[in-house]
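Presented sequentially are two complexes of chain A, the first with chain B as partner and the second with chain C.
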Partner chain A sequence: MKKSFLNKIIGLFFLLILWYLLSKTFNPIILPSPFEVANSMINSFKNLNIFSNLGITVFRAFLGLIFSFIIGFPLGVFMGINKTFYETIRPLVTFIQSMPVISWVLLALIWLDNKLIPLFVVVAAVIPIIILNIAEGIKRVDEKLLQMADIYNFSKIKILKNIYIPSVAGYFESSLKIVLGNSFKVVVMAEVLSHPGMGIGEQMSWARINIETADLLAWSIIVVLITFFFMELMNLFFRSKSDKSK
Partner chain B sequence: MIKVNKLEKKYDNLLVLDNIQLNIKKGKNSVIIGPSGCGKTTLLNIISGIDNNYKGTVKKEFTKIGYVFQEDRLLNWKDVRRNIQIVKKNQNFEYMKHILKILEIEDLINQKVTNLSGGQRQRVSIARAFYYDPEIILLDEPFKSLDIYLKKRIYEDILKLKMETGKTLVMVTHDIREALLLADNIFILSNMPSKIIKQININIPYDKRSLDDDKLFEHEREIYKLFFN
Partner chain C sequence: MKKIFYIVVIFLFSFNFIMGLQISAPKGPPSVPLIKMIQDNPNYKLNLYTDILTEVIPKFIKEEDNIFIMPTNVAAKFYNKGLNVKILNITSSGILYILSSNSKINDLNSIKNKEIYVPAPGSSPDILTRYIFNKKNIDIKIKYGSSPEITKLFISGRIDLCVLPEPFATKAINKNKKGKRILNFKTEWKNITGSSNIPQVGLVTKKIYAQNNRKEIIKMLKDYKNAVKWVNKNPQKAAILAEKKLGINSEIIKKSIPKMNLISVEKNSAYKVLKNYFSILNTVNKKLIGGKIPDEKIIFK
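Right, the complex of A and B next:
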């Protein structure tokens, strides 16, 4: 454990050195040095606005996730249980999934108010993953347990609560892991293009317009750190849950 | 309790059960014995109503049925108590504890079933069937994967429960000795397409049975002959 942590630090250190050396050969507008980027990060943290920008982006991502699960989970369950419904809905879900995220952003620019665009795009990007994962989990529920439930006269609700939902928990966890990482990237991209007024993407867009490469990189690193933070938080949550159940 | 008449079951064109006649009596232990793959589980599935695709008639005089499957079919995300209580609406924990005590697993009541051994899990599955309080319990080779010592103990526990509750038990097995120790009526199935080639009734009280007993030994030889001639 300790050794692997050390290896990570060494890897990061080499990356920074490489970055530093490369920045020496380029104009700072093309590639600023790690120090300049760090400086820009520190400066932006001095400005309290960063927290509202950060907060609104995280809020949009989570709101999108919550919406997607509220709609996607029951749809996925129903698709898993009912074959006809699955076959009818599947093409639509595949269509939404295969559509480039950028198309959703551009369509949303035409259809929606700018403040709603990031939320809409997160939902569009994330919901097919949730639906298909949950449907797959439901379809793989052990047929033998359902037979047992039939013999012991379980009601439909009892079967759903005691067999389907617990069987699907693993699929829920894995779909959450996939979509959590995606949702931050997607929300930032939507913010860059839609200028909703606030948010990390909005700041990145301004940094690009003003050719503040250091700021642009600083914001990018902040997105990476946020994603990392929430992924670790989630891993910790699931680990403690599985420890408890042991 | 169950009358099976001219039962015929096919998988596609493969005839599995051929003209089965069976009369299962209330309160008795009926054991259906036959070689592996002869359609014993299929027969139980037809009796239980899991499989309704057959020819012939199956007359059932019961409303509730319990089933101890070959695999325990427990819910791995629940503990022992919840796996058992799930089959009933109105709980009687005293009775549950009593059943668990007979099956020698009362100390495991709060354990997650994933922490249990195969033998313990199968006992939980037996407890679940008895707690459900059906008129009839089907058992599909429930001891298949257990060692001989464990088997013998579970036989005794099941017979205790059976004598106390008076339930009708229908078990399938390929183990001749298991049949001799547990059955009132033994139905012998032939190889596929399976027919009932003989019925043997055993009139020795369960607790007086031992495999060195001359009468049981005679039955054992008789069944061997039927299987291998």
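Right, the complex of A and C next:
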């Protein structure tokens, strides 16, 4: 455990040195040094507006996720239970999933108010993954277990609690993992193009307009850190949960 | 020996012919004199661009052998970030107007708390609009779109208030009967700063290129100045020349030319107005010009 941590630090350190050396050979517009990027980060922390921009981006991502689960979960369950429904809805879901995210952004620019675009795009990007994962989880419920429950005359609630939920939980967890990492990237991209007034993407867009490459990198690193933070938080949550159940 | 001499001569000759001077300009006012120039002298090559962020800035960072019409504040940013640039001239003294098609909105004060459409966030029209309304203590709600989009919305009557540069302003008014100009930025600029010259854009190149092609550039600037004079004197002819390249009806270009305020100011007089302009932008936001007012070396002399 300790050794792998050390290895990570060494890897990061080498990356920074390589970055620093490369930045020496280029103009700062092309590649600013790690110090400049760190400086730009510190400056934006001093400004305090980093928190409102960061907050609104995280808020949009989570709101999008919540919406997607509220709509996607029941749809997925129903698709898992009812084969006809599954076959009718499946092409639509696959269509939404195969559509490039940028198409959603461009369409949303025409359809919606700028402030709603990031939210809409997250939902569009995330909902098919949730629906398909949940449907798959329901479909994979062990038929034999259900037959057994029938023989022993289990109540519906008991069947749900002891057979369906454990089966779907794994799929729910994996869909959440895929979707959480994606949602921040998608929100930021939508913000860059839609100019909703606030948010990390909005700031990145301004950094581009002002040719502030250091700011652009600083905000990108912040997005990476946020994603990392929430992924770790989620892993911790699921780990502690599975420990408890043992 | 003689043979080699001929080869060298032919080589130099063809080299010169291929190279010419490459000029990139937006599909807007400053290219009208340039179109006249390439008509008269095929050694000038003109590339028209539509988006500065994707077409000009990346290219300018990487390439050496090109002259660009670009916003002067972008040139200042480059200069302050260690790219050695030279501003060759200023090509207009003001191309921005506020248009209204609402009979109740006739002056700046009546715009208070209204929604106004402005081209391109962070661009000089955006900066100047916010600066002027800020100075007058008038609150406005800025909405963004590209110039062609805003023009369409204004013509169709879906919006009744906007900031547009020429020739879009002329086009918008021409096609919307209720449309009128309620402000010439030049006038307000003079009230606030004492100068009626808004040096928004100019010809810009890398220092190395300016040094290596000094003679050609001096000649080009002279040609540009003459072309500006010719365009201002012959708007009809200039409009017909520019129609195809710009994709705008010649009638509109003709009416727009007097509103474009085309000029060619160089050297010390250019620095004087630019210094004033930069110091104002710097008070709005230091990032607009890259932190500090560039010294005189930014000007090609």
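The definition used in the following text is that the second predicted complex is superposed on the first by the 237 of 246 C-alpha atoms of A that agree within 3 Å, B and C clash if a C-alpha of one lies under 4 Å from a C-alpha of the other, contacts with A are read in each partner's own complex, and residues count from 1 in each chain.
As a convention for this text, a contact is a pair of C-beta atoms (placed from the backbone, for glycine too) under 8 Å apart; a residue touches a chain by one contact, two chains touch by 3 or more.
Note that the structure is a prediction, hence the values are computed from the model and not measured.
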Inquiry  = In the overlaid three-chain picture, which partner chain does A:L21 touch, first (chain B) or second (chain C), both, or neither?
reply    = neither
Inquiry  = Quick check for you: in the superposed arrangement, does A:I178 touch first (chain B), second (chain C), both or neither?
reply    = neither
Ask   = Can A:P166 be said to touch chain B (first), chain C (second), both, or neither?
value = first
Note = Partner touching more residues of chain A, chain B vs chain C, is chain B
Ask   = Between chain B (first) and chain C (second), which does A:I102 come into contact with in this model arrangement: first, second, both, or neither?
value = neither
Task = Give one of first, second, both or neither to describe whether A:E212 is in contact with chain B, with chain C, with both, or with none.
result = second
Task = Check the residue A:L225 against both partner chains and state whether it touches chain B (first), chain C (second), both, or neither.
result = neither
Ask   = In the superposed arrangement, does A:Q147 touch chain B (first), chain C (second), both or neither?
value = first
Key: Footprint overlap on chain A, comparing chain B with chain C   = none
Request  = Over in the complex, which chain A residues touch chain B? Could you list them?
outcome  = 144-145, 147-148, 150-154, 158, 162-163, 166, 169, 245-246
Request  = Name, in rising order, each residue of chain A that touches chain C in their complex.
outcome  = 27-30, 195, 205-206, 208-212
Note = Contacts from chain C onto chain A in the complex sit at residues 53, 57, 61, 74, 77-78, 81-83, 121-123, 144, 287-288, 290
Request  = Name, in rising order, each residue of chain B that touches chain A in their complex.
outcome  = 48, 50, 64-67, 69, 71, 73, 75, 77-78, 86-87, 112, 128, 132
